[in-house]
């Protein structure tokens, strides 16, 4: 059975950073998130439009990279069904306590080893006096600081086999593939999958270094493309490294900016206008190598580091040995 | 059983106009839709991001108003289940052929008499040479003409009993109420309902004149609020009547502009940034009369005609007698 | 001789506030100015694109209102010529030391009693380490805080005789009238005057209360109209009072938002796109009462307080007695 | 004597195109100009905010390139003074009839051979019924078609000696240099000059091919940077070639997009926010080679063709022989 609508949405995720203080400063002063809590090496931050407890956990580690990515199940029943399926398929790790603000969480891994946590119970966030929003249909006051990103938009993993990881999302979690790159040899070096009416929530891209479990980037949504231009101006002033952009992807039509947070992880600011996938029989879009060779939507060529930089980096991995 | 996810999305709808040619000109030159076909008194138009055959049917009639509003079912099975439920509840009218490009359509009415059509089969639109999009993940070329609205966003009906109509959407069609106005006497003069991750697709507002079956407005989505400011400039030059706005609603946080098309129907241009309802346990927001008295989000008072103008208008109804 | 090009531009101005701390907070946290210096009851603040020492002096006083408005002369010779003309006309008050960062300043008053200071010598601002801009053609780092207004745009005085005040600007200072309101009786209740390619720098509006020397508002320029919509969102969250807007004036086509700073002075955020007055033979635009009756550009009616509120307020003036 | 304020502004200019019909279509359907008149091989087009008769003359020629660039003098006296100076310096060619809508025009050439026309008399444009603006302070209705650029912003010539050409603008015409590139050997490969409060009106860049009299690009101003992003989308759909951008120059902070019109001339769409040069003692900004090596403002590297493509192209020049 196609397990559609079992996952409600991409939720909070954990990022590793070897420079915790500077990473926190990047997330607050540049992106405009707020620190909601901290616990030893873990700092919890939230975007203003997140109804749950937190959006990002920054965890001090020797190397950069992504920790656990959380998905909220659509219901307690959906959670039970997903756990049963994962256990049957041998992808499950087991139950753990959720992060602060979240209920029991079932941990599993994709074929590449990226760790996911699935949960249903979630405490709705209540803002304190200093960040109480003026409008009651909003989680927290819109911040007048930094870019002021609205929410976590998607995560883009690097992996050895995009196909296997993609199938995990589809078969185990009910994801729907909306767009793909399909090479002339039939292999798939990139796949975009959604759980919602957004055109994608999770992306897998083939790791050019043949490594497993790495992160290409996580992305935050802004309300407009002009917000991303303003982000460029702020990045320039704050010394945030801009890797590439602003420009528009042909795939998914996302207007993008890629920067590195001080810990080394690539962060995207993204906007796709009001584009949504509403068709229940969406016809997957496959992009050929020839179509990809045209560059981004408006013609910019993709820069080299975009194909190779991931976290942990090769340098970081070498250090571990 | 709560019939969630049975309706995929608000689809095409029919608008009546006593001034067909002028209405067509408004939809093409001002809004930026394209005429895709016509058949006697019916002209079919589409927004550039609609994957289906058409978005709006403009039908020549003696008076303004809304005809049939179409909802696409999530699957053939969902369609069968909805029909069974509607027939059991006595809300069904029966099967008809769909409009050009659409399969068999089941017609039903809400308690107020507004007509709905539910269908599943739909021919995906294929653009001809002159409007073929540059990017293959898009239905049709973005037009460089007029406002260039992306898609139909929502419809706002006037009704005698908001509660009964709202319950019809919820119980029969699986709609979810995201926000409401609840007066001190407990009655509900306004209710916002969604079938998707958008924060609303269908709205019911109490008809101040106590009439049934009227339309308050239909709304088209733009990608940014600035697009709506540009729409103001174009409206001014083209002589399009601006009723109120631009401003931001407190309810749903929609940035809005209300204009009248030449036939008399109110048309909204709307943008809510990147706001989406992702929580599977969304906590409905109820607005009190006191909260409403504060005016719109940024303080503007609602003008009188917004409470009274609907289509057909009182003058048009008098003419019918 | 027409003294064109004698005044280079509207420069810094002094605002009185009975709530200095709250006013400073408004100018920094909401508007995004930075405090550059202070001296007892005077706090000096600057917009990031101002090449001079400061843009605004906030001065603690018992009542709100405007103090001295400074104009920078185009050259030392232009300054001498203006002083000679002012003295000959009996409008001069005399030389004073300039505010910190500015050279000798000649003080004069318009027929209504508003005080002007004219100077030429000016120390170019040099940013410290913490606000040094990334680009060397910019005065100070773009702030990632609040609205981030670019510069002081114009000042709008209330006056008993618009005609006399306007003639003072034209005859004494070389201003050029670009637009006016001319009533059926030939009187002029509003006049817009420029010293630059901007379409206006100084405005006189007839004081509905028949008072002298009051301020209607001062205005700050943003780069886009969308910046002003964002300002609305921030105002809402910070509790800044929005009097009217956002909307677009027919006169000068300025997109506007009017708020009150905590001291009571009306502050405008304004944007006119890329509109400039380049014609050396600009044909003054006169608006009739009938044309004004159409409301603002997109049809909004002007609210009552916009005609009556000025600073000092009537209450403040009564207190003085 | 420094001849400041003798030239009011950059006015209309003539562009050569080997593909007249396609060039006209580009200027109307893509840029949103309107054809106001034509005369054999010459088609006159205007931007909506131009108060004069036309903005661009497209002239059918065997090769692309720029014809005469017109500057409007600030007064009849200023025109006489400039002519006297030009004749004394041996740069003058002589008087000719102005283009339709313009009075007697004095033709001269810069040291590189680019032709300039200086005039004062100008018929103010009066819109016909079909393009009459809704607001009387505007030349013509804002078009709801294409990009809808507001006005001609600047022209960028290629030249053998930037220094000599720059000095011509400064000494003969009263231009002011606001920014320059100064190499380590002291030579100036790029110079930005203004006649107004805009930060530049005319640019000279060293011709990498060592040729004389060529054009790098002409530029049109939009009201916002987002307008330029929308232009990208329209360019993509209309098959307009995008050479580079959108991005932001460090020099002058211009947000830019460079496209080629069908005749081969490079056209820039540009926006610098609300930035103006108001200081009468502007401190010229000199950029070193090291500073330039950082790339554009947000880090993008300049592409090769931007350094080499000019019109006429080398191929076109070879054809002439």
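Letters A, B, C and D name the chains as they come in the text, with residue numbers starting at 1 for each one.
Just so it is clear, a residue touches a chain if its C-beta (ideal position, glycine included) is under 8 Å from a C-beta of that chain, and two chains touch if they have at least 3 such contacts.
These numbers come from a predicted model, not from an experiment.
Participant: Hop across touching chains from subunit B and tell me the fewest hops that reach subunit D.
Facilitator: Step count on the best path from subunit B to subunit D: 1.
Participant: Could you see whether A-C or C-D has the larger number of C-beta contact pairs?
Facilitator: Pair with the higher count of C-beta contacts: C-D.
Participant: Centre to centre, by mean C-alpha position, how many angstrom separate subunit A and subunit C?
Facilitator: 46
Participant: In angstrom, rounded to a whole number, how far apart do the mean CA points of subunit C and subunit D lie?
Facilitator: Using C-alpha averages as centres, the distance is 32 Å.
Participant: If a residue has to touch 2 or more other chains to count, which residues of subunit D qualify?
Facilitator: Residue numbers touching two or more other chains: 134-135, 224-226, 233, 236, 297.
Participant: Spell out the residues on subunit C that touch subunit A in their complex, using ranges where they run on.
Facilitator: Against subunit A, subunit C makes touches at 29-30, 133-135, 141-142, 144-147, 224, 226, 233-234, 236-239.
Participant: Touching subunit A in the complex: which residues of subunit B?
Facilitator: Per the touch definition, subunit B meets subunit A at residues 4-5, 8-9, 49, 51-52, 72-75, 120, 122, 124, 134-138, 150-151, 179, 196-198, 221-226, 250-253, 271, 273-276, 278-281, 283, 285, 287, 291, 297.
Participant: Within their complex, state which residues of subunit D touch subunit A.
Facilitator: 224-226, 229, 232-233, 235-236, 242, 244-248, 255, 297-300
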